[in-house]
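You will see two complexes here that share subunit A, one where it goes with subunit B and one where it goes with subunit C.
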Partner chain A sequence: MPTTVEDKSNRLDMTRQGGRMIASYWDDLFTAREQGKQIVWYNGGALNPIFQAAGLAWCHGEAFAARLAAQRMEGPAQLAGAEYGYNAELCSYSRTHLGCAVLTVQGSQSGVVGMNDQAELAAKLPAPDFFVNNYAGCSTGQQWDGISYRVFGKELPLFNVSHPFLWGNQPDAGYLRGEEWESASRYVRDQLRDLITWLEERTGRPFDWDLLSESMTYIKRAAELRREGLELCKQKPAPATFWDWIACVAPINFLPGDQALVDYFQGVRDEIKGRIDAGVSGVRNERYRLYFDGIMNWNKLGFLSRKFAEYDAAVLCGRYIHNAFWQEPQLIDPDDPLMGMAQHYLLCPTNHGSKTLDYLTLRDCAEYDVDGIVFHSTRTCRAFTGPQRLLARSAQQTLGIPSAFFEGDVADASFYKDEILESRIVTMLEAIDVRRERAAI
Partner chain B sequence: MNFPRELALAAGALPVVVQDDGRPVTEGRALLAEFYCGYTRNLVDQAVTGRLDGYDGLFLADHCISLVGAADVVRSVNPGTPVFFGMLMASMGDASAAQKVTEMMATLRTELQRFTATKINDEALRTAIRAHNRDRALLRSAFDARRSGDAALRPAQLQDLVTTSMVMDPDEHYPLLTEALAEARAVVRDDRVRVHLSGHLCHAPRRELLDLIEDSGALVVDDDLYHGRRHVSTDVAEQGDPIEALAGWYSRRNTAIPCPTRVQRDADWDVWLIDAVHTSGAEAVLHLLPKFCEPHMLYYPELRKGLDAAGIPHLLLETEHEGMPLESFRTRIEALVERARRRRPVLA
Partner chain C sequence: MSRFLGVDLGSTTAKAVVVDETGAIAGTSTVQMGAVSRTGMTRAVTEALAAAGLEEADLAGTVSTGYGRKLVPGADRTFTEITCHARGTAAMCPGVRLVIDIGGQDSKAIAVDAEGLVEDFAMNDRCAGGTGRFYDVLARALEVDLGELGELALRGGQDLEVSTMCATFAETEVVSLLAQGLPTADIAASVHRAVAGRTLALVAQVGRRAPVVMTGGVARNPAAVRFLADALRCEVTVPEQPQITGAYGAALLAMEAAGRGPRVPAEPADAPLRPVPHGDAGHSCADCDGTVVRLGAAIPVRGRLSRR
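Showing the complex of A and B:
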């Protein structure tokens, strides 16, 4: 007889509003063609402020793949991709989005039987007028739009923003410092200027620099509020968890830079502050504080938030949240935003060597006083998983923090192994208990 | 794969393309996930078990995220060994591409000078360029001869010739290569089905697989393997500024044989492959895709689409680092051979 597990998670109410904002955004995109807008498909860093200022409708490929996965609607797109020839071991973000591209190009003749209604959602992406790639770190990401370009018959314009990898060759290299950082920043900034010129050619109208400044003013403020909220989650017990911030990724990543975005993150920050004042925690009976490394397992957001809460574990921070998505708003000068934007794109969490990631991970683990790290060994994301075992070793050696790995994937639920997660969480929490008992002796 | 070995040679160093040494991955599994390609897992395993200790430094120029991930582990495991990553840009069609590649070649020269404590002057670099060009050209002649109908050398033998060129001084390799090629008497192609081998962009396919292919009724007549034609496709210009010449070599390599790790709208691996098939007279294509090779997985559907449209039979084999199902491959290759044979014109 199945037993019902009590849901001890306590998600922020505000994220439901975010969900409505996101749904409205996608509905608007699906009618962009009817609105007479040109549509750009892009991947990688958040170029949406530039597209907004250029008067475009924008579609972030990864974001749509994540949305499909979160809604458990990724199947038809992935099937279409598989029919087209994409291997199941390929990055499932790209495979899902390219499957959407295939469905868009082929119409309803994909051969997928019995899924017409679901396929309609996946195929709803309006065809692009052009592509822009802005991928730092992952080489697959950089190649992705070049492949989309081929799926669409090599007929549409494509612009690539190239990002040097922040390897840390020189002795002065470090997080946000060093000649490597400075020269890469200038290089990417210059390419953003070229991108804007290119967009002017595509649109036939001058770029609205004032609107870019305005948009970035809102985004900077929203990012500051987000950081304030993240800081507040250092409280014990934590008023909100990593899963709440995951639900906030879409707004900060691609929604328009406007007052509504600021209001949203103001609401998030205020709800968190209110919880602290009222003594409300994100997990009932928080006993463990954890760091989550890896890209999000989008098919399992609600499930994972309940799973960890079941064991009284509050997941507080992680690379995907704390080291991404306009995470250093102080870099942005709204009056001259391109450099700050370029630097944020370079700060993609997959664009750092392990030295920098080690610094960021250990810093956050210490600041949030975590007891352990859970690594999402994302089957089809080699970019995120590459340094994970080094980070696990370093956390153990430097901070005495244990780690556990579980297998999953960013958008392909077939790679997720619940039993492995279950047994490894339990084991790690037991190890934490033993350490605490010994420390108390 | 695209590191300019000429620079290292000019500095008095021996530039070795680190090979997959074929040994099973053991301790390295603890530091790099199982779903990285076999080559990168083997590299990490070599580092962890001390098999890279013979190298004084590791230089990387390619931006494949798996290679970068492996190099990062190597750097962490061997803190006393310099690991320099001079990323050559992948978006080849950008307006700034030529300039950025030239700048990086200059940076690599500076770094190698520092590493070897030796100044790399232009004359030394030109000498190194000529040495590599000479060796490459001779190797290329063997591939051209095979493409034109000479079946003297089996694929594993050609692979040996290329592999040895990757690990030896070109001035030492060239006379040995000359001797080896002189011993090979021209052989007319027999009646086996002619196939083109495509893929394996970083490490050599297992010898037993290459032997199996030719024992299954196929005759390899051309390839675009890294341990094949891809490595020797392009020479460096011997006139003009040598740093600019190296940058030009890097760019022209991708039009000579397009690589899926590069984004270049006017360089199509699928188009190149179909042309190569027609040139060599191949009747089928065997894709050799190392399991977890992202660039190849990403581009493969375009290859499939092109070959299908051109009516060229082809077969995808996903190769493994350990435990390849050779008998299963034999069955599938024989089926491809059978299919290709049926397409041959029937003589009255």
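Showing the complex of A and C:
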């Protein structure tokens, strides 16, 4: 049973507006077929600007799974997936989305008493006309669309964009540099060209390159504003937290590149700046500053934001926010956007070798002056959790920062337990307290 | 002289320790109980106070720990069991760098620094494999008393394949081995060996280091200690009362919160564990000559070590 906690968090008002934009997006997608649009289901990196320019409606599989989990409506989809044969050890994003596919094929029928409304929501996704996979650093991601392809009778076309893993082991290799980076960027960019040709064949119309440039102009500006907002959160006390940025993931990840997207992130950035000017913080009585490593536990977003705030802990930064989602806007050339897009797909936080991950994590821990790291050991996402012990050890040895691990999952609440999280957090904060007391002597 | 109380309300036992303002143990109690039992906790506190010749009104501070730490009435402050086990063990066994605590339903590996503070820790998550609960199931399946399980395992020689550490399926696993006509001592030894391997994986998360001290109820099982020492390839030390280290640490934290008592002395990493002065409450020291060892300044930490 969830623990009731006092709410000392102070979430950004703008995230409510983001919530309305996202709800509107999904409502629009649910009726895409009636609007006469072709529909693409895709996973992995944000291909939506290409789909936008191709005149398609797009459904990002992880995003819909995360939305169901955040609304605690993932149950029927996961049951449908389990009935189809996907067990609980499979990535819960994919399990949920595959369950949606099963329910979409079946219609909204569900044998689970009391879950009809939820099942109906899960089954609302319009069936795809084709699939595009764009997953980096995750083998499940590529198999996922391969399975979806089978759920729909092996009759729908499937395009897979392949991403080399960025090992970062060559002498000249580093973050955004070296021959490995350059050659991988070209390799993915060339596949994006092939994808566009493939989409032209599927849609029967020429691709709108001008619209792609326009969309990427907006996305680049939105990404710049997002980075500005993230920078502002280095202030002490921090004006906003990691949880606010989690609420901003959906807009930057899959909403259309347009003025509304820019306006949204301008609003987020301005609200944060306004808080700094007014001396308002994201957590009442900020006493601890933390880094969060792991994909979001979507079932628990609100709870975690309150839980950490209860202990005066401001979670400020993390791999999932700072190292994902158009995080390097300077790479985007709106006049020739494919290279910058390819590079962002390669920059998926599961696609780096440990050397680069170590660099990025320690960089952010130092810049945000964090006191500790919380690792969400995501049960069904081993691509994300694999290097976590290395990162914890490195942070301890290099920066003297302690860590705490808790088990959970992206979209399956059964892997999470409040008591485990609580004991881990409190122990780490106690260790931080003792170190501070010792340093003060 | 002021007295301080530490209470560890765990999953299957309640422990209470009273210390004086120098940190010396004045009274202890360990009570077996149901899950997070208030009755068991009350009894433990009453008994510990009686052993110290005190009443509740005599206490100058109380700290609680364990799963039920928020249920302890009168506690001035709560700490997690990790912090308390580290603090208590470091006081009982100066110089310790790795604490392996295996209780009723969880197991922990705690790396402590030279001053006895938590440096890193790892816990089992949602699995009772290798915990006290697991050994309960094993003893029942082998039809031996829990207190005899360790001795039985020490007599086993053959290394059998044990494929599960799940407390739920352990019984099935053991039944399967028994059905093959295999000796119970070999089965017990093999399961203990497998558990030690699992604990080794937990230790790997914080990094192997020495000296190692094992605490918690499972530390009273000699086979669990022996196989763990084999797996770690180093000596594993067990305090005389391995179950009370959390409560003892809580009592010391209550004492320190009042600005009393010494800090844990800093010890070099390679310093051997040594017996330390005994308290007035007394202990039965079968393998200890009671030598008083001064650790830097005269540190009146009381207790003793028994090496297995």
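A few comments on the model shown:
Assume the second predicted complex is superposed on the first by the 428 of 441 C-alpha atoms of A that agree within 3 Å, B and C clash if a C-alpha of one lies under 4 Å from a C-alpha of the other, contacts with A are read in each partner's own complex, and residues count from 1 in each chain.
Note that in this section contacts are C-beta pairs under 8 Å (C-beta built on N, C-alpha and C of every residue); 3 or more make two chains touch, one makes a residue touch a chain.
Here the structure is a predicted model, which means the values were calculated and not measured.
Which of subunit B and subunit C touches more residues of subunit A: that partner is B.
Of the two partner chains placed by the overlay, neither subunit B nor subunit C lies in contact with A:S9. In the superposition on chain A, contact is made by A:P164 with subunit B only, not with subunit C. In the superposition on chain A, contact is made by A:R435 with subunit C only, not with subunit B. Using the contact criterion defined above for the overlaid structures, shared-chain residue A:P387 touches subunit B, although it does not reach subunit C.
By the touch criterion defined above, A:T140 lies against subunit B but remains apart from subunit C after alignment on the C-alpha atoms of chain A.
Residues 377, 389, 393 of subunit A lie in contact with subunit B in one complex and with subunit C in the other.
On the side of subunit B, the complex with subunit A involves touching residues 30-33, 35-36, 63-66, 68-70, 72-73, 75-76, 84-87, 89-91, 93-96, 100, 111, 260-261, 263-265, 289, 291-292, 294-295, 297-302, 304-305, 318. Against subunit C, in their complex, subunit A makes its touches with residues 377, 389, 392-393, 396, 402-403, 405, 407, 415, 417, 419-420, 423-424, 426-427, 430-431, 434-435, 438.
Subunit C makes touch with subunit A in their complex at residues 67, 79-83, 115, 117-123, 125-126, 205, 207. For subunit A in complex with subunit B, the residues that touch the partner chain are 84-87, 89-91, 94, 133, 137-140, 142-147, 149-150, 154, 158, 160, 162, 164-165, 167, 169, 187, 190-191, 194, 350, 353-354, 377, 379-380, 382-383, 385-390, 393.
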